[in-house]
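Chain IDs A, B, C and D follow the sequence of writing; residue 1 opens each chain.
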Amino acid sequence: MIYSFNNDYSEGAHPRILQAMMETNLIQNDGYSLDRHTNHAKELIRHEIQREDVDVHILVGGTQTNLLGICCALRPHQAVICAETGHINVHETGAIEATGHKVLGQPTTDGKLTTAHIQKALDWHSDEHMVQPKMVYISNSTEVGTQYTKAELETISAFCRQHQLYLFMDGARMGAALTSSVNDLTLADIARLTDLFYIGGTKNGALFGETMIISHPDLKTDFRYIIKQHGAMLAKGWLLGIQFEELFQNHLFYDLAAHANEMADQLRRGITECGYSFHWNSMTNQLFPVLPNSVLEALAKDFLFSTQLVIDERHTCIRLVTSWATRQDGVDAFLAALKKLS
Amino acid sequence: MIYSFNNDYSEGAHPRILQAMMETNLIQNDGYSLDRHTNHAKELIRHEIQREDVDVHILVGGTQTNLLGICCALRPHQAVICAETGHINVHETGAIEATGHKVLGQPTTDGKLTTAHIQKALDWHSDEHMVQPKMVYISNSTEVGTQYTKAELETISAFCRQHQLYLFMDGARMGAALTSSVNDLTLADIARLTDLFYIGGTKNGALFGETMIISHPDLKTDFRYIIKQHGAMLAKGWLLGIQFEELFQNHLFYDLAAHANEMADQLRRGITECGYSFHWNSMTNQLFPVLPNSVLEALAKDFLFSTQLVIDERHTCIRLVTSWATRQDGVDAFLAALKKLS
Amino acid sequence: MIYSFNNDYSEGAHPRILQAMMETNLIQNDGYSLDRHTNHAKELIRHEIQREDVDVHILVGGTQTNLLGICCALRPHQAVICAETGHINVHETGAIEATGHKVLGQPTTDGKLTTAHIQKALDWHSDEHMVQPKMVYISNSTEVGTQYTKAELETISAFCRQHQLYLFMDGARMGAALTSSVNDLTLADIARLTDLFYIGGTKNGALFGETMIISHPDLKTDFRYIIKQHGAMLAKGWLLGIQFEELFQNHLFYDLAAHANEMADQLRRGITECGYSFHWNSMTNQLFPVLPNSVLEALAKDFLFSTQLVIDERHTCIRLVTSWATRQDGVDAFLAALKKLS
Amino acid sequence: MIYSFNNDYSEGAHPRILQAMMETNLIQNDGYSLDRHTNHAKELIRHEIQREDVDVHILVGGTQTNLLGICCALRPHQAVICAETGHINVHETGAIEATGHKVLGQPTTDGKLTTAHIQKALDWHSDEHMVQPKMVYISNSTEVGTQYTKAELETISAFCRQHQLYLFMDGARMGAALTSSVNDLTLADIARLTDLFYIGGTKNGALFGETMIISHPDLKTDFRYIIKQHGAMLAKGWLLGIQFEELFQNHLFYDLAAHANEMADQLRRGITECGYSFHWNSMTNQLFPVLPNSVLEALAKDFLFSTQLVIDERHTCIRLVTSWATRQDGVDAFLAALKKLS
């Protein structure tokens, strides 16, 4: 039996979520997220971020949420700045460009954008012969497992406000970031420092679902039109509401992410003990160890993982991902196998 | 307690579907619809339509499926012809136009397109100063509850092939059409007569899910790219697979739709017996009775339904929708109340 | 030798315009409409409309100007209301839809939009499942030769402001409207009553060129970005400036249009004297007489004109267009031929 | 009096072109490029490239021609590969993205794309989670004055055909490339080796105008629809035809470009003799010398040129552009001034 560290969306949902769906299954609800569960989930979220003046929308998937958040904000000639590794730049099949906007990917060493990167993009785009940068997109945790500190986010936020750039945080792996051992941010901080951001459910114990929080007044207007236009308005919207009710009751959202991080911590320690290093230094649930190809071939018989990049003829950086559902015996088996091969 | 005839997506899913989700919840699957359940569901569908040479994709929602089916097929200057009442023309917030294409809505009396309507649209669009009609979109059952006969579909299909127009059938309410007492079409017929069409799950017992079947070779190429670009590729795609496995095992898809139609038949008979008529003559699960406003006010205390259009100062056409989950006592209560008021 | 009444863009430019181009041909200019001629033309236009606070941009063609004016103003989910005969609805190959926006064409009897038409479109589009009407597009003169009175425009303008709809006037044939015998509008009125509008040069003696005047502050921002993005920024922009300098010096713009109308007046009188009627009652340079097919066949040997619509088996409505360059002997010959055939 | 080396579109048109416009000014023509002059120009072009089986369209401007050439060819999920310095990547305000397509800019040292660059882009885009590269865009001469040899173009062409990538050449400065002292390509070669390309008039003696030649059958279909949809169909299209008639009669196109190159050759030699070097080695009409800031300040009093990039605190790379209209005394004056300052 093969065990997968391929990603954090290999299993269904936390049992409490399925249970809640079963219990409410035959109760009639209003459609299109105008139901009691969605309203309750929004209340829980607003309470969590200590803000009453935000708009909250629960959407199905991450690419969808990214494209809605960006196309709702930009006029036709405006562009979004992001790290070259940003999900919107590479892994969304041109979803942003399909809404008409250029993505200005900036090379970084660790997947994190700095004000220097943003300034450089501004400097290059100086007049009407070029697109106009108007939004900054960052991910937390990033696509390479790194994360922003409070100080870093404050700096970026201040810079964006000074330059009238919207700041959008992709939180598909927000749980992993917030429960990482080196985190000092809260959802309340993030709501205060960004213009819009989202909290990922798909990768943290929901069947699906991403909750968008919009704090900038300009971006609130008519957001439901934008949702509908992109086919992103779920008919049975309460299914999203129910899931986020469960996640934000009794601390479930944080507990699930903490489990994923704990599993990753064990893997990180074990891999380090075997003498291997990491291509990016992540303290979240995605790890990027560099391993000999011979070891990888052997591991591949019992474990699934993805290849990230070729380091040299004999070494490859792989990606290992843990999740809310990762089993202790899976981690133990992986480390035992690695130890044996090293 | 108020009972709702507002639509056919007011409840969750048929219990067998939830049961299957529970049972498989912690089994690891490949993401993005590359899993065993989706593959099995595709096999069941191909078997049902007696075609091995079609591409099958299971998507989350109807507007999404419409926009993907259209934008995958059209070059930038091409347009789609539909009934003025077509879902894509009115109720999708310009989703088709947002992908760049004009929707050529044709006035009809019963929501059904004929070759005369299509010919008229072709006649009007004669050169490069106008858009080029390239696709015909029809819904079965239609947005006003009517449906196509086999003879009608054969005529439209032959016309489209003669004029090199793609024929796309929106099957959000396919179940209701196929199990209607006046239906003479099968899914196999539809696969043979159209270029692409879909089978709706959302309105027939699934939590969500629409299965697109593409038979025209031109439209198969790279469809997964189009899915991903529009944020329509579900991470945990097996959730779609599981639902269509259940629907197309043991005849569940047809049984659920037949129940909805049976409930509608009872309502239709009861309303007729009370002496009222219908604005459109539907033999499916959407009914459009014309009732006195005084009666409607009284009914509104105990039942939910939507207003379709104002007939005159004292009469309104409403929409009543039944579903796989409509309860016999709900129908009985509605008819009893109506009888009392008439 | 065949004489053409096909349209008002069959000849080059008024000789004064060509002369000005010759005289300045080898003088170096800044590119992209940042030159002295364009600046001077803008001054002349601002003086003409008695407004200093408007933005002026000179563009090459009408379809281009329409699509820029609309896509600069609308957010993705917003739509533009126009007469069903509106140029943007039919004769621009879906240019507006290609920028993502639905065109809501309203049936009219005379090509003119009223507040009743606009109200109807607003009534139909009530929530986020439908596009949001945000702009009203009217043409003056219209596509069928009719024109707006000051009272009519004031009514539409007040309605639009009350409903927060932008009002955009297509002035491709503005000259013909303003110099018509029944006109009571001035450019200053139009600047006051609309949010943006343009003054056509192509159909009134320029080689090409349409001058857009933007008075609404929201629409001024970054318009040059929108121009460039659509490939509409002419490298040698002073060619546009020179043409509008000539048109708005010494009353040339009005004189040319008055000539076109005078030629049309003669045709209208002559056709009426022969006992024929008109499908639309135009007092501008486009005439739509209904003539027997036998007469048309004979006329077609010596004259070019376009067929507008089939009236019955034996009668057809044609379109005759006069221009700044229409020759008196062409008009005389046409009327003589018609008289002979009648 | 200041003399400008700012660009190659600072003056009007070669006198023969204006003369031809004057002579034909009052002759009636069919609109929209369906006239005798355009037909004749197309014949001349087809003769020049020795191909009867190509489609030829004459358009107004370069950005427009680029966006039409790209959006006519790509399906929604497809992307275009180009040099990072490519005009479409930087200087067209996101025109390509506005039609929905990602531009994959590759870093180069000399503005020229190689098969290694293209292969790298293909390697990075391997599945449906990423855009699909489908076209290669190159400029000749490039945006930094360099040019392709016949051998280089043959290699790229063969690679593209092997990988089913369309090859599109931006020829806004085609004249400068073809008449450069190091050129070994002909228009016939280019027609044979690309799928579509264009010949620039705007920067080589026309008022405006770019002639697109399409040889790939897939790209020919309905191109006039694409032109019209983007507002790029000039009403008085014969103005384009007349200009290319003149350019391709009596060798005028080549003579004008040869003059621009001769002026650039003199500047290059003079600058080299003064001991300065060039950031990019161009043998065409754009030069990129690196000069001391003190020298530049002095030169700026009498000459216009643009700043390309900052080399260090004391040196800047500027761009000098010569054209068909560049005067010998202008070049002499510049070199005299430089010599005096060096």
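Rule of thumb we're sticking to: contacts are C-beta pairs under 8 Å (C-beta built on N, C-alpha and C of every residue); 3 or more make two chains touch, one makes a residue touch a chain.
Nothing here was measured: the structure is a model prediction, and the numbers come from that model.
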{"item": "Between the pairs C-D and B-D, the one where more C-beta pairs touch", "value": "C-D"}
{"item": "Turn needed to bring chain A onto chain D - CA fit, degrees, nearest 5", "value": "180"}
{"item": "Separation of mean Cα positions, chain D and chain A [Å, integer]", "value": "43"}
{"item": "Mean-CA-position distance for chain D and chain B (Å)", "value": "51"}
{"item": "Where chain C and chain D are represented by their mean Cα positions, the distance between them in whole Å", "value": "34"}
{"item": "Shared-contact residues (touching 2 or more other chains) in chain C", "value": "76-77, 92-94, 98, 100, 128-129, 131, 225, 228-229, 233"}
{"item": "Graph class of chain-chain contacts, one of line, ring, star, complete, other", "value": "complete"}
{"item": "Chain A-facing residues of chain D, complex", "value": "76-77, 79, 90-94, 97-98, 100-103, 124, 128-131"}
{"item": "Contacting residues of chain B [partner chain A, same complex]", "value": "3-4, 6-7, 9-13, 15, 18, 21-22, 24-31, 60-68, 92-95, 98, 202-203, 207-208, 225, 228-236, 239, 325"}
{"item": "Residues of chain C defined as touching chain A within the complex", "value": "71-72, 75-77, 99-100, 128-129, 131-132, 222, 224-229, 233"}
